[in-house]
Amino acid sequence: MSFELLPRTEAGKRFVKLAESHAADIATRAEQHDREGSFPVESFEAMKSSGFLAAAVPTDFGGFGLESLYDMMVGMSRLAKGDASTAIAANMHATGVLVIARVMKRSGAAGDVQMAATLQELLRQIGAGRVLMSFPTSEPGTDIYTPMTEAVPSKGGYVVNGRKIFGTVSPVADLFFPSVRIPNDAGGYATATAIIPRNTPGLEVMGNWDAMGMRASGSNDVVFTNCFVPAERIFGRRENYGKVGRGFPDFLISGLLPLIATFLGIGEAARDFAVATVTKQRKGISQKRLADRIPIQHLIAECEIDLSVSRAITERVGQAAELFIQRSATTEPTSEESTALMKEVQCMKYVVNRKAIDVVDRAMTVCGGGAFMHKHLLSRLYRDVRAGPFMQPFAPYEAFEYIGKIALGLDPNLDR
Amino acid sequence: MSFELLPRTEAGKRFVKLAESHAADIATRAEQHDREGSFPVESFEAMKSSGFLAAAVPTDFGGFGLESLYDMMVGMSRLAKGDASTAIAANMHATGVLVIARVMKRSGAAGDVQMAATLQELLRQIGAGRVLMSFPTSEPGTDIYTPMTEAVPSKGGYVVNGRKIFGTVSPVADLFFPSVRIPNDAGGYATATAIIPRNTPGLEVMGNWDAMGMRASGSNDVVFTNCFVPAERIFGRRENYGKVGRGFPDFLISGLLPLIATFLGIGEAARDFAVATVTKQRKGISQKRLADRIPIQHLIAECEIDLSVSRAITERVGQAAELFIQRSATTEPTSEESTALMKEVQCMKYVVNRKAIDVVDRAMTVCGGGAFMHKHLLSRLYRDVRAGPFMQPFAPYEAFEYIGKIALGLDPNLDR
Amino acid sequence: MSFELLPRTEAGKRFVKLAESHAADIATRAEQHDREGSFPVESFEAMKSSGFLAAAVPTDFGGFGLESLYDMMVGMSRLAKGDASTAIAANMHATGVLVIARVMKRSGAAGDVQMAATLQELLRQIGAGRVLMSFPTSEPGTDIYTPMTEAVPSKGGYVVNGRKIFGTVSPVADLFFPSVRIPNDAGGYATATAIIPRNTPGLEVMGNWDAMGMRASGSNDVVFTNCFVPAERIFGRRENYGKVGRGFPDFLISGLLPLIATFLGIGEAARDFAVATVTKQRKGISQKRLADRIPIQHLIAECEIDLSVSRAITERVGQAAELFIQRSATTEPTSEESTALMKEVQCMKYVVNRKAIDVVDRAMTVCGGGAFMHKHLLSRLYRDVRAGPFMQPFAPYEAFEYIGKIALGLDPNLDR
Amino acid sequence: MSFELLPRTEAGKRFVKLAESHAADIATRAEQHDREGSFPVESFEAMKSSGFLAAAVPTDFGGFGLESLYDMMVGMSRLAKGDASTAIAANMHATGVLVIARVMKRSGAAGDVQMAATLQELLRQIGAGRVLMSFPTSEPGTDIYTPMTEAVPSKGGYVVNGRKIFGTVSPVADLFFPSVRIPNDAGGYATATAIIPRNTPGLEVMGNWDAMGMRASGSNDVVFTNCFVPAERIFGRRENYGKVGRGFPDFLISGLLPLIATFLGIGEAARDFAVATVTKQRKGISQKRLADRIPIQHLIAECEIDLSVSRAITERVGQAAELFIQRSATTEPTSEESTALMKEVQCMKYVVNRKAIDVVDRAMTVCGGGAFMHKHLLSRLYRDVRAGPFMQPFAPYEAFEYIGKIALGLDPNLDR
């Protein structure tokens, strides 16, 4: 009786199985990419070849037709057991595909033939393994609701200037989808997303990703200097610049939830490694295996509890999000519904991020001083796992404020 | 979009709705019974009249035909929002019915006509509201796997001697089901359960329940002095005296899980009360409602996170237990399967018990010094909620050892 | 090598030794007073007779001449090991004496002959065991910086109206020192303290103290209805109504620190009880004493760590406060100095209150289900110990905000 | 009113002032050595030149005559604020000097003229800045009480074989002091310490230190292959091979306590950095400084509380250890005394190690995603600070068992 998360759709089962197989493969190169800070190009080639990265492309266009957000979460948690930084990079692209496929269908259903056709073409390219995507939304000195990268109207389109950080997948991405602000008539801004091909003049991937963890994710700065973007490649305009929580678009949820799930995968990998280590017979002088010592059992139990909790909240909130998205196809969710869901998502994020950190910490204690060495698996997980709380939305201290406000029926905008 | 637990069967929906209605009613008498330490006889009459206590009796015999353990959990969590000590008393009887109905069906399916008939008669009596049951298993100086209450063979049956503690429902129970040990030929013991009617000579309910919390549960000592029990009223004999974890019988799981869920209900009641308190306009000098102060939002957020976690693990483990029990009807579970489930149950128990304590604690902080008064709802919840970790199996320190051993593939017997 | 807190002055050693002796005595009546909610009149008689309650009266006026705040803290922590609610009541009076003796000396040194003489007479009365004092400062719907009990000027003095809560010692107090507000010319208020004898017309002790813990502290409401107070019995006027942290008067620190130390005493009592329980040979079936089980050792270790921390911070902050008060005799401390000290005091309060709660909780786990019974020592400690976080200043959530603001160099007034 | 730790002796004040000055200097090279994993040779040269590394050498032999263990702790906590890995390396040498000076004095007092003379010569060399020392005690597959590096008697001395790990200072050490075992007549072993000059044939420093943190500490493996050691260079023989806690020699305490204090320094550095960061005006769009946001104040408050606790326990246990060592000069401490002290030391170690980790974690949260970058101070502290719990004695899970056993009056040997 296994308690790991399980996919629920047929496409999801195929996806998760493939995730497990890729996890085993990418694990073999994880230490090297971590040490070098290099992007796992060969892993991405393998995930392209297998169809993994195009899983959410409809079968008509060459994918698996994976539609389930929850199954995407399960797959990403599994892939992360092999290498977390590869997983978060794969996640950025793959969940983008999930959303694009969904928007394509809704566009079709809504009679927006042109949009549907454009997205079908894009999906076909992705299905053929010809397009990788990066969605940079973070910038220094601001938050994700308030981009300062600006798209100024110019004839036939916009001119984009700005600098994004955490541009995951940037070393190999063919298309970039930065969030931008557009000046509006009221002297303020609208927010939107631009689609900018890699070879656009003025787009530069800085190659400066040098973090303490997630070193293989290629999360470089991406700079846009007078990049021209045709009008039809600016989409999703909303008049909510700087506002939190007037509803959360499902693309945010679709990207965020599988991302959170990768941290569950890190915790599971740490726990598995610790259990394997202590159940081995030791070569030293002690008569007992570490597993036979009760204090070690205590630490392992704490890991089990944390993982049990993390899996439960991932499953419950994941299922709720799945349902929410399904319903959104036919009925626009109210602001109350989306903030209620986001409250639970933030509970999940906080718990999974924090528990993964705690599990890695205990696994290190269990494994002893060797875990402090650079080449030890756990020392990489220790560095990778700390990325979780930084990811937006929200930082932990913002999450508490947000959750509290929603629970108390208050305006979800934080006291920034 | 509400995130409270929801029943999944039709009988469960009826049961949960009734639980909510009873909760509102028993809440009105909770303070008085708490102060007096008196048993809520009128609440039990009401729960008999409504059919709530007989919900798990098959419809043929006068019940709702509630079969779902998970729905029982949901209902008990809801009942506990009104009064936790009434809920744990109701739970002891009601989950007993659930198990008896299940055993009755399996006996019938297995061709044990006599057993099936006996249980049908019992269920009919319960369905008619004529029988309340108490299942005392605890004793001082030992654990629940090692009863010292002894049933010594005597002609036509057994003579039972011993003293049980925590005999919940004892003030009104018509039948007692104490766990006993029976001397075996090997000089050791077998364990079994006896059925002893209240009016049996030598059975005495001590009326000594005087605890700091759960004061309305009637958990008196029950003393058996030379009580004669006919042979057919000793059942469930197993040769595992003093052993943990050679499989956990489903009756243990069926009683334990809804019991744990009552602590979720306590936490939810505390959170709801705190939210209601701080969102009221204050009469004092402050210009702000407490709800508008960020540190209060932070505390409420911590409650939300804990409850989100508790609900998630309750749902996930509850569903797994439900499935386990369904499968058990046709295939005897292996020892590995039942210890794997019990490991998750113990994770759930630890988390729900502890988080409920934490939520009540924060709710008190939020509500201020008034919450320290005897008559304040939270001061009762504070005393009630601490009962959770004492409940067997397991105490928290045993739970850690148990969970750790199972996770490491070791013998689940604790180092006692 | 014992690590308990030790007094440092000769008077302090005498005081602490007496505290230990009284602790043993009051422990014998603690359960009864807790059950009844009755005030330990005989304990107060004994503490009067021994001179304990007048320890801080100068030797010339019949006391021990105890001047050390730190030694007062040590003594109160020890007294609380016998009964916490008796200790907090004794503390209110005894620390009041400490402050009065200090003010008397400073008045003399400053040439305020009349004030010195008045206080000398009061100290002589206290030294003779004829006066017990209560200092009620709390009121519903406001905070301690913003009293709503009002003293309105009237010929020859003031007329006081208002209602105080948590009027500890009220059943036997001869003099009450409520904080009051006085209308000022600017249309606002000043704050001050009134001295009101028990037999003043309009003063009523409500006899309504009925809390879940600290039940023997006599913390009734005290109502003042048109109580006339001569002008010379209103003192300590300050123009800081409603403000936090424009310096903390030493009387606040002198009362608060030993009060916090009583919670250390609760924790130590719980730990000692648990150790004594588990090191006894059990009568039951287990072959091992509980002390020999590693998970129990783990819980005891967690208690040790928490107590080690609590003692260390109590000693360090207590010594700093001692020094601060000594220096205050000659140099008025700056606002920065007093807020810096109060920041550390709040760290100490948070830690000692919380760790005491945690230690009691673990002690209960260690001792098992018996600890849930009303008559068990730990069930009383569980109820008593929760009083700590309610005590002002500050509630935990306010403490975090206060500490953070001071650490960041901001205005210490909270965002109320 | 500052609450940082302060030295209490004149030599200590000189030492701490120098520590602060070196801290500022070594901070400038910390990032580079961290990135390269290179040993800070120039920092060691500077600390030799200033006399810092020889502070504990008696003034007669060229040092400051620093005798206070507590002042050594204060100084090391301060040095670590500049760079923790340099500090732990400096600590290994400097506390060695402290112990050698002490043993020299006692040898003299005890009439052991030869030993005194030998040590005086060594101290003179150290005082002249000609000797740096490394004390490697750890080995893979065993614990520090059970060395497997073996010194086998051979004519005129011993032949040493074995491999030590965590050989801090090894890149520049002139003398190595590995712990060894010596076969005894009973077929078992004695333990002792060998003194082996760097240029001894068979001694090899492996240059393999490549950890995730503390990268500048030079903690390489050191291998001894048939190293000949003259008899007079094996000292401190004790017949307690493999035993914990038959008393802890003061050299263990003298090295361990300042080492723990370096983690306090890490926490203080992280807190200071976070405070400095959030009190700066931001360049971004927000109107508020981060410091003005209450959730940030909350996080800073949690850091303050943790540091207040860490400083308090460091001071209290440090003072107790100081006293213990002073008394040891005239009276051999009993086993009870030394285990009682070690229990408190372990409480201190657990608390300071863990709180430092927590403070760094919160500081990262406060500073946001930039703290995840390799070049950011906090990302180095995050990696450095995790070294604490690995340091012996004890790992956290062993510490709990040890503390619990001592508190319960049991044999301190762990259940290994």
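For reference, chains read A, B, C and D in written order, and residue numbers begin at 1 within each chain.
Please note the rule applied: contacts are C-beta pairs under 8 Å (C-beta built on N, C-alpha and C of every residue); 3 or more make two chains touch, one makes a residue touch a chain.
Computed from a predicted model, the values in this text were never measured in an experiment.
Farthest chain from chain D (centres taken as the mean of C-alpha atoms): B.
Note on interfaces A-C and C-D: more C-beta pairs are in contact across C-D. Chain C and chain D have Cα centroids lying 41 Å from one another.
Averaged Cα coordinates give chain A a centre that lies 52 Å from the centre of chain C.
Residue positions of chain C with contacts to 2 or more other chains are 294-296, 298-299, 400-401, 415. On the side of chain C, the complex with chain B involves touching residues 138, 140-142, 146, 148, 165-166, 210-214, 242, 282-288, 293-296, 298-299, 357, 361, 364-366, 368-375, 379, 382-383, 386-387, 389-390, 395-398, 400-401, 415-416. Residues 294-295, 298 of chain B touch chain D in their complex.
Interface residues of chain B facing chain A in the complex, by the touch rule stated above, are 1-3, 275, 278-279, 291-292, 294, 296-305, 308-309, 311-313, 315-317, 320, 324, 336-337, 340-341, 343-344, 347-348, 350-351, 399-405, 407-410, 415.
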